[in-house]
């Protein structure tokens, strides 16, 4: 679904560029907002750590748009939802807020806080899984421009692998053998921090995504042909339990920062996480040689299964319907759909841009992007099962903790996940 | 009997080491203090002897260890911290402080925190003292009713009203205003302050005011000149116990402030956390920078509180 | 003091409290009775939001559990805090030279933000790097080296104990002040009659401390019911691990801000209302009992 020929990519990039140019044209002559009368656009974000990168990016925009100043204001990520909810309801909120994606966008859309972007931004050539993140579920309108594609990733320490004579495994048996070798040498094979329940659905995708069958399973579940009690899904949860012995001792007591520290300090060989972790890991230990790999399909995986890289869109930008500078704000958001912006995001923010056709100079980022393009699948519980409460990610996160603690088995965890989400989930026939 | 629990009983030894001026004035005190100072002095040996002493100091160590860990970690390099999170801080490295001080805007944040917290504490303590006095002395039914209303405020989970508070502030233009924040904190401190102060006022003998009234003092003069000095220890207690949670709160400033130059320390710190997610030593240095002034302030204030509580009505 | 003067004295406090506390709080309660679409208020909903709390997932499982944790938090805090607080206050009572220094040291953790406290203790108790378990293993208590914050059986108690650790200065100071108020003559008389220190404490001092204990209990109850910052710092908004440190305030924040549900304001406000009713009911009952007792001993 996400594989594209390079020719069509170039065409897309050109198309998007032309669109952006076209979008620029009318507003620059319309005076008012977009003109050279000193408009300041406030952009809110939860990426405090990317402040410098965004300031650089918006400098580029400001140069091309004299008179427009972009003020980037990041807030602490864990508190951002509160700030955004109040900020959008009040008078002097942001012009361009970074908004949540998929299910978590719906409350903001229902409040009428965002300007629909249909007809202003054309994302028809983008990955449909990515575009879905930006839409209102009930009216199907586009309310934001996706910033980045996040992907689940198994990071590994290249030096530890070569020092111990281990090749990147291509079969499940090799993967298990590698884990056993590290375990014998006193190195934690898999740095997992199960104290933070939100990481566990991601760990599940990384380690066992191919066991339940990625995209095929998504289609079957969303159309109601299968549910989470399916034997393949139960078996994928069971994979977590099987791999528990390769994780730190008392894994439910280990915080995700502990797990990262284990990995960056060379005490652990592999770290299952997301592409958004890359910058943090590199910053944590600049000398660390980080590689990424896909976990080979576990034994018993549906036939034809390959390793998967699960992805989702995150960090979308939207236009506040209360903004006094709507036109200028829309123009900025239009720019965010251009390859120019996408390339800047890749180079400065070090994330995989949502814009098709961007190239990556960072080898790790490039490999993740390639893996995703080749064998990508949606991070199912986030992309499809966060439109109601309880969310799929909450349920599996908590369930996986109970699995590790031994208080529930894989079948019970899957059944409870199913019961929970089916209280609100309606399959599309 | 009810007077006793205001804390006059322990005027024996501690007044001496608490504050030399108190010891002097204690002797000439005009309060209703029984003349037993000399009598109890020699005999009142500490309970539990040496064993208890050891236990008390061990517990003190237990109270301090995590804070000392914070301090020691702030003197170590980040790489050192990551490879061994709990090693010794030798040799001392001040890099983290240099980094925290130059990248974080701590001086500004500190000024804002002080402004907001002091404003709120002064405001809530002032209005609460007046109200508490009236509630303690008023005989009309309406005061009982008002007291219940204020006390019910103790039970209001005010942080759950964050949305209506935001709308209110948005409506009257108090968003992004340090004064708005001080007003909010001041108001939220009213129930607790009234709760404590009313109890204290009730314990003061009514004869004092009757005498003042006979001397021709107005209610305000009686309140300000006679009653307020008598509840000074309670005022110090209330002020400190309100000061700390306001100083440490980050929810309200996070939602109600916008401009970095108006941020209070906890919000500035969360910002700093985000920018230095993996630079633990800088984070620890930031924590120390934000915590130290409060500890210094508290050390000065406890002197007042303990001296006040023990000296009680001797003034 | 006459009624008019009294009301003049009360007015500033009442105005401040009314505008910035009472009004928003009542507004928050009123939100519980409306339908909501995001931040846009819809029609009157009656008790629909409340019935959602009782019938809809995840509330059917999360709400009773969170409430239970609030109650356990209260009971646990009361037991530990009053035992330690009274003992320490009693032991400190006649140590004039060191009392102030020790009281100050005990109160020190209170000064540090709960977020920081959670961060520090998580580090101390970590099964991978934590010195607590390293120490336990070294002294031969390996079976005690538990994943303290990772096991639902221990995590809640860690939260309770750390909370007591942070707040212990408060009861120590209050009980200390109350002990100071107990007339020496009474305990002297008891001692003359041959009573030991402990006997004197139990028979003479403790009954006189009942008002102070009552005050501390009511405040602790309210504090325990509103518990938020420390559990949040330890287990995040979901009460990790496996919801074992979930509290009502956390459930409120999850519902209001993280669920993304369009009717989040309605259901979360219903939760806030429910929490207030629980706090009010409990505190009112306790205060009534206390008043009666105070009257008995002071009259």
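Order of writing sets the labels: A, B and C. Residues in every chain begin at 1.
Methods note: a residue touches a chain if its C-beta (ideal position, glycine included) is under 8 Å from a C-beta of that chain, and two chains touch if they have at least 3 such contacts.
Since the model is a prediction, treat every value here as computed from it, not as a measurement.
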item	value
Components of the interchain contact network lacking chain A	one piece
Centroid-based (C-alpha) most distant chain relative to chain B	A
Selected pair, greater C-beta contact count between A-B and B-C	B-C
Centre-most chain, if every chain is reduced to its averaged C-alpha atoms	C
For chain A paired with chain C, centre-to-centre distance based on mean C-alpha positions, whole Å	38
Centre-of-Cα separation between chain C and chain B, whole angstrom	18
Approximate Å spacing (C-alpha centroids) for the pair chain A, chain B	44
Multi-partner residues of chain A (each touching 2 or more other chains)	82, 85, 89, 261
Shared-contact residues (touching 2 or more other chains) in chain C	39, 129, 256
Where chain B touches two or more other chains at once, by residue number	85, 163, 167, 250
For the chain C and chain B complex, residues of the former touching the latter	1, 3, 5-10, 12-14, 16-17, 19-25, 27-28, 31, 39, 84, 88, 90-100, 102-117, 120-121, 123-124, 129, 131, 165, 168, 170, 173, 176-185, 188, 197, 208, 211-212, 215, 219, 222, 225-226, 228, 249, 252, 256, 265, 268, 271-272, 275-276, 279-280, 283, 287, 298
Residues of chain C defined as touching chain A within the complex	37-40, 56-58, 122, 125-129, 146-152, 236-238, 240-243, 253, 255-262, 264
Chain A to chain B touching residues, read off their complex	48-49, 51, 73-77, 79, 82-83, 85-86, 89-92, 260-261, 264-265, 280, 283-285
Chain C partner contacts - residues on chain A that touch it in the complex	78, 81-82, 85, 88-89, 100, 103-113, 194-198, 248-255, 258, 261-262, 386-391, 394, 397-398, 401-402, 405, 407, 420, 423
In the complex with chain A, residue positions of chain B that touch it	79, 82-83, 85, 162-163, 166-167, 170, 175-176, 250-251, 254-255, 258, 270-271, 273-275, 277-279
